[in-house]
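Before I ask anything, let me first share the structure, which is written out below as structure tokens.
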Amino acid sequence: MTTEILLQTLASGVLIGLIYALVAIGLTMIFGVMDIVNFAHGEFLMLGMYSTFWLFSLYALDPMITLPLTVIMLFAFGMLLYKLVIVRIINAPMLSQIFTTFGIMILLRGVAQFLWKPDFRSIENSAVSGSVKLLGLQLGRPQLVAGLGAIVVTGLVYFFLNRTRLGAALEATASDKEAARLMGIDSHKMFALAWGIGAACAGAAGGLLATFFPIFPDVGASFILLAFVVVNLGGFGSVSGAFWAGILVGVIEVMGGLLLGPQYKTAIVLVLFLAVLMFRPQGLMGKKA
Amino acid sequence: MSLLEVKQVSKRFGGLTANQDVSFSVDAGTVVGLIGPNGAGKTTMFNCVAGYYVPSAGSIQLDGRNIGGLPPEACARAGVARTFQVARTFTSMTACENVMAAAMLLQHNVAKARTAAMGWLAFANLQRFADKPAASMTISEQRRLAVARALAIEPKILLMDEVMAGLNPSEVREAVDVVLKIRDRGIACLIVEHVLEGIMPIADKIVVLDRGVKIAEGTPQQVSNDPAVLTAYLGD
Amino acid sequence: QQEVKIGVIYPLTGPGAAVGAELRSALELAADIINNGSPGIADLPFSAGKGLPNLKGAKIKLVFSDHQANPQTGASEAERLITQEKVVAIVGAYNSAVTATASQVAERAGVPFLNPESSSASLTQRNFKWFFRTTPHDDLFVHNAFEFLKELEAKKGIKPGVVVSLNENGLWGTETTKLQTKLAPEYKLNLAKQVMYPAKTTQLTSEVQTLKAANPNLVLQSSYTADAILSMKTYKELGFLPDMILANNAGFTDTDFVKTLGKDAEYVITREVWALDLASRNPLIKQVNDLFNSRYKINFTGNSSRTFTGLMVMADAINRAGSTEPEAIRKALVATDMPGSKLIMPWKGVKFDATGQNVLGQGILTQIVDGKYNTVWPFNLAARDVVWPMPKWDQRK
Amino acid sequence: MKNILLSAVLAAVALALPSVVDASHLNTVILVLMAAQLGVAWNMVGGYAGQVSLGHAAFYGLGAYTSTVLLINFGVNPWLGVLAGGLVAALLSLAFGWSCFRLKGHYFAMATIAVAELVQIFFTEWEYGGAAVGLYVPMDKHGWLWMNFATKLPYYWLALGLLLLTLAANWWIERSYLGYYFRAIKDEPDAARSIGINIARYKQVALTVSAFFTALGGSLYAQKELYIDPGSVLSTALSIKMALVSILGGVGTLLGPVVGSVILTSIEEFSRILFGGSGRGTDVIIYASLIIFVAVFYPTGILGWWTSFKERRAARADASRQIAAHAATAQPTGKEAV
Amino acid sequence: MLEITNLKVCYDDVLAISDVSLKVEPGKIVAMVGGNGNGKSTTLRAVAGLNAAAAGSISFNGQAIHRMPAHKRVPLGLSLVPEGRRLFPGLTVLRNLELGAFTRLDKHEVKSGIAEMLDLFPILKERASQLAGTMSGGEQQMLAIARGLMARPKLLMLDEPSWGIAPKFVTKVLDVIQQVNQTGVSILLVEQNLQKALGIAHYGYVIQTGRIVMQGTGQELLNDERVKKAYLGL
């Protein structure tokens, strides 16, 4: 095995890891603020992909142009979902919360199939197709752009949470919604915001992913397990944790697949994940319970 | 030898030392108060004795047996019972079942546990709630239930953290009576408390902590006249 | 007028739904032809549109059911179709795992089960009395592929060189891998590396790097749709291109494969059981496909054409039985001897052996050129010559 | 009295059922019973002890695989195989508990998914167990001795018997000290430790018993459907279904999973039967909408809702009585300025 | 300034307070006392908007507020230091204080407000960057009061501020309350330390099983025989 292949694989691992990170950030965000695990997160991703696809195929708008649009649409969708459904389960037991989002997951898949048929779609020849040589490595341009996008979005979310007033309010709501209301913070607005941002992150990931991944109603299923692992590994609710864990998982998956055999790549990630939790039950960067 | 011997116990959280070389003892069947300003390390000490923290240094012995560093359930089996600041009731159970769960430490037989539990409910004057869901009891009733539950493991010593906070003076008096009744059954009590009216009149001994260090120990009389205690805690 | 109910069990929702939709269309077309005829396609059985003549023109009625790619659901649906819908026979179920459980219910109930498109070899190794399969299975397909390579060398002097395989790690990919391992030495192939991967994967980087490291001339590949598309994109991204990709149907023959990848799908060779360009030898193929296309705006695929054929064979057997008695239908199926000229498949015909396997079936190989599947093997059926090696990524127009 | 009457009615229905429904409906009933049994088994650890496992398919699959591998490769009688499956699953539950029980809440739930996923990967690769190709249970040996039948009726009795056995075990646990310990651990783990409950040990007990019974369900599946592969007996969807059944009916109640199974299985079967053939995913949409509806509006499940409905009615009456009493005795009374 | 009339509040279906009427005049300290579980906290929570009023009305500076959501009452000048502190345990002391000023529009003055608080409670200064959740009970109580003051309220409601506080600090806390009051902030105080609370209160109410049963100036109530007997155990 040559160094070149190792480096090349490492680079690919980092790039796919960034996408995992982006999907996971939305998930961890919703969890952090509301303590709800969103099983439908992969479907948000799917919606982001379809939105990009339809804008591309109906209006010939390039995915790079429509990315902000997709992000806004998913943001609105997340808020709407909160207002229609999630708002009713804020105080429900964890189990019924899990099953509400689980139901939403199945529902969105069904609706996607109903509206758009189960066909596999994809976007060809977008502005970012092709690949580039960088430092002697061959990297897919869509992947590269997606990776950069993931870094930018993560940075924005991180900045928002840690440097803005609204971010502080979001964190306050996350830790005690009643106390937050006593500070004059509208907790429903904050929750809706969390769902909005969470969905928007998934939407961004979907928009970026659509340039190089097939689009179909069940596509979320491929990503959700890894997203869960990433969120868990990073620590539920930790945005920076999800970011680093995403990259870690991407790299481990790809390198592990290369060195130990691709059929075991998921197993390697899962074993690593369980091993980390043995020593840090709260995840790599999670706060102690 | 004393029932509970705390020797040179220290507990550090990262750089912060919450307890520093604290030693004291509790004799069987006595009431000992643990007081001190906020952040003095009382709750920390309490948690070390009850097994919720592992002391960074020092030893804790109950009846000559080392219990320092044992997990909470092992401490409970050794004879240390405790209450929590928030009542931590088993909300899916009735009052009686709450106490039965504790009584089962001594025998797994459900019928026998029920008999024992009814006894402790009567002791805490809660018989009428026996078959009511514990969640429906008021906060102060739940606190009393927690005492009954703690006693049901028939401990040698009962640890209570601020059980009298938020009680008005006449309620404090009732609580004091309960403590005395417990002591009269031969169970020692170690009480962390800021409500001095609740602890001073009944304590056989008071231990005062300040910034993690023991600054005084003695009868309530001695302690309340100790100048160090006055400046650090009681105020003038 | 009498109605003959046939149960059809397919993945109409869930992971297999995309294929399920195509199969459903093929079944509807077949039923419509049987019941209402197909003027102008005289050679097709039932083209007169009089229903089943031996049953006084009884029409067939399809009872659709959805197994969601879940074996237990497949079994329940079979049970329901038999006892409640009182179907006289069952056709299904695409996914081999579901075919396994659903046919088991039919076997116990004594109802004929015809399987047009599941490829797991094990299905006909169960000594079932009521199970019939019209399609060739993986064993034959792997033989076909290796036979092709052998002939290629013999006739055109093209040596396969270093061979690697990339197969999904489910039932199908695993069986295929095993067969390839077993047969490669017999065909004196240098099978340097066998890579398996989970079909639901999000990336194939490590797989492709592993292949690349072996520096192969030929990749044997078995993938479903999403992963087939993903693999092609990854090949291109990482600049990997062997001289030949010899794929194993499924994802590579899905309508969406060419639609999605466009020129990046070019020159892939895939095993098939059907191709439009075979029409020159068998006019039925084009005629029926035109009918299909005018109705559903898609062409047949290997899957939908096989399903179409399956229902035709079943209808033929019921007709010959002249009865809806299960045993009579079973006997008719056993006695089936349909000539290739009555099929839309490039097969010699349909005739079942003792295990219920059609022995006259055959696979072909097609190569994608100009967005179409062109038959390249068997050489006597070939519509084009094999393009070898594949042009490099950057040398395509 | 009411209970005896109810039991008598249920027993009569159970006995009469096979003679009034056809094989397909009987099959649906069997599915209901099997799902109920899994729900009851899951409920022991997920409901009573409050440890939300989303990885129970691992035990189910282990049960199915153990009995089948033993039967195929060693000709071991399925009755023994079923038992062996239960024991193997119980063994696995030790590793499962060891790796997951130090985690809490969502961390625990996610880790259980990971463990089950690993088990699935293992069976996908395990040559001896048929790998991804799966295993066929031979049909040649029939009858009660080989737990293999051409008709549905015996499976009905098997499923019913297994459900009753599991219910009985659950009933016994609920009433013994274990039931008290499980609920204490679920309600307030710290308080449970303070009264001497070794929560790690009792969580493990709950899991092991639950794993054992789940595995029995898995073996029954293998004997009924006669074909198993990793996708059908080890999938996460299956784990989720076990939990879902309990939640719909009411977690931590004896009969909740049974109620849940009746509801869920009916929704599942009927929405698919009525709309599945259309191929547009309508059945899935209906199924999902109903899950969301129940989860949102009956968060404690149907049984939970029913009991709390009755309790609240009683409490309301109680409270008004108390307030009236208070008002009468309160001293000093009336608003008066001093 | 605050006027509650015939207020009734339920938790689910259970009645918690049945009939509470009280008034807080501008610039005054008003104490509410009563035994455990009699509805003191519920009353304060209803004023803050955490519990809905089932009947009756609450008006603040002449404006009816009982239908307004909690977060909209804060900018009007209502601030509650809740029972059990309810800090944001995962955030630092400083961030907790900043959040206290969430609705304030005079952003630049918030900084000096924080400095003021740190002077008022020196213990908080020492621990400005510690996570609130790891502080001792008493330290947390100080922070809760300081956070409540950060909103610059016109009416500050305190629910058992001396809960868990060392005797020396109880006096200090009550001093702070009086100081705050002297700056013109009205106070509604719920406290079990009857003598001290009624000692500093201008006016007081006694609540029992969800209704106001007595009222008067702090001294009047302290001297009342029934109060002495029922609550002071004298």
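Quick notes
As written, the chains take the letters A, B, C, D and E, and residue 1 is the first residue of each chain.
In the analysis below, a residue touches a chain if its C-beta (ideal position, glycine included) is under 8 Å from a C-beta of that chain, and two chains touch if they have at least 3 such contacts.
Computed from a predicted structure; not experimentally measured.
Chains that touch both chain A and chain C: D.
The greatest centre-to-centre distance from chain E, using averaged C-alpha positions, is reached by C.
Interface comparison, C-D versus A-E: the higher number of contacting C-beta pairs is recorded for C-D.
With respect to chain A, maximal separation of chain centres occurs for B (centres as means of Cα atoms).
Averaged C-alpha coordinates give centres for chain D and chain E that are 48 Å from one another. Centres computed as Cα averages put chain C at a distance of 76 Å from chain E. In terms of their C-alpha centroids, the spacing between chain A and chain E amounts to 43 Å. Centroid to centroid, with C-alpha atoms defining each point, chain B and chain E lie 30 Å apart. In chain A, the residues touching two or more other chains are 110, 113, 118, 217, 263, 266. Annotation for chain D: residues 124-125, 281, 283-284, 315 touch two or more other chains. Interface of chain E with chain A (complex): residues 48-50, 69-75, 79-80, 82, 86-91, 95, 98-100, 102-103, 147, 151. Every residue of chain D that touches chain A in the complex is listed here, in rising order: 46, 52, 99, 102-107, 109-111, 113-115, 117-118, 121-122, 124-125, 236, 240, 243-244, 247, 251, 280-285, 287-289, 291-292, 295-297, 299-300.
Taken in their complex, chain A has these residues touching chain D: 31, 35, 37, 85, 88-89, 92-100, 102-107, 109-111, 113-114, 118, 217, 225, 228-229, 231-232, 236, 263-264, 266-267, 270-271, 273-274, 277-278, 281-283, 289. For chain D in complex with chain B, the residues that touch the partner chain are 175-177, 180-181, 183-184, 186-188, 190-199, 252, 311, 315.
By the touch criterion given at the top, residues 50-52, 71-73, 76-77, 81-82, 84, 88-93, 97, 100-102, 104-105, 108-110, 113, 133, 136, 146, 149-150, 152-153 of chain B touch chain D in their complex.
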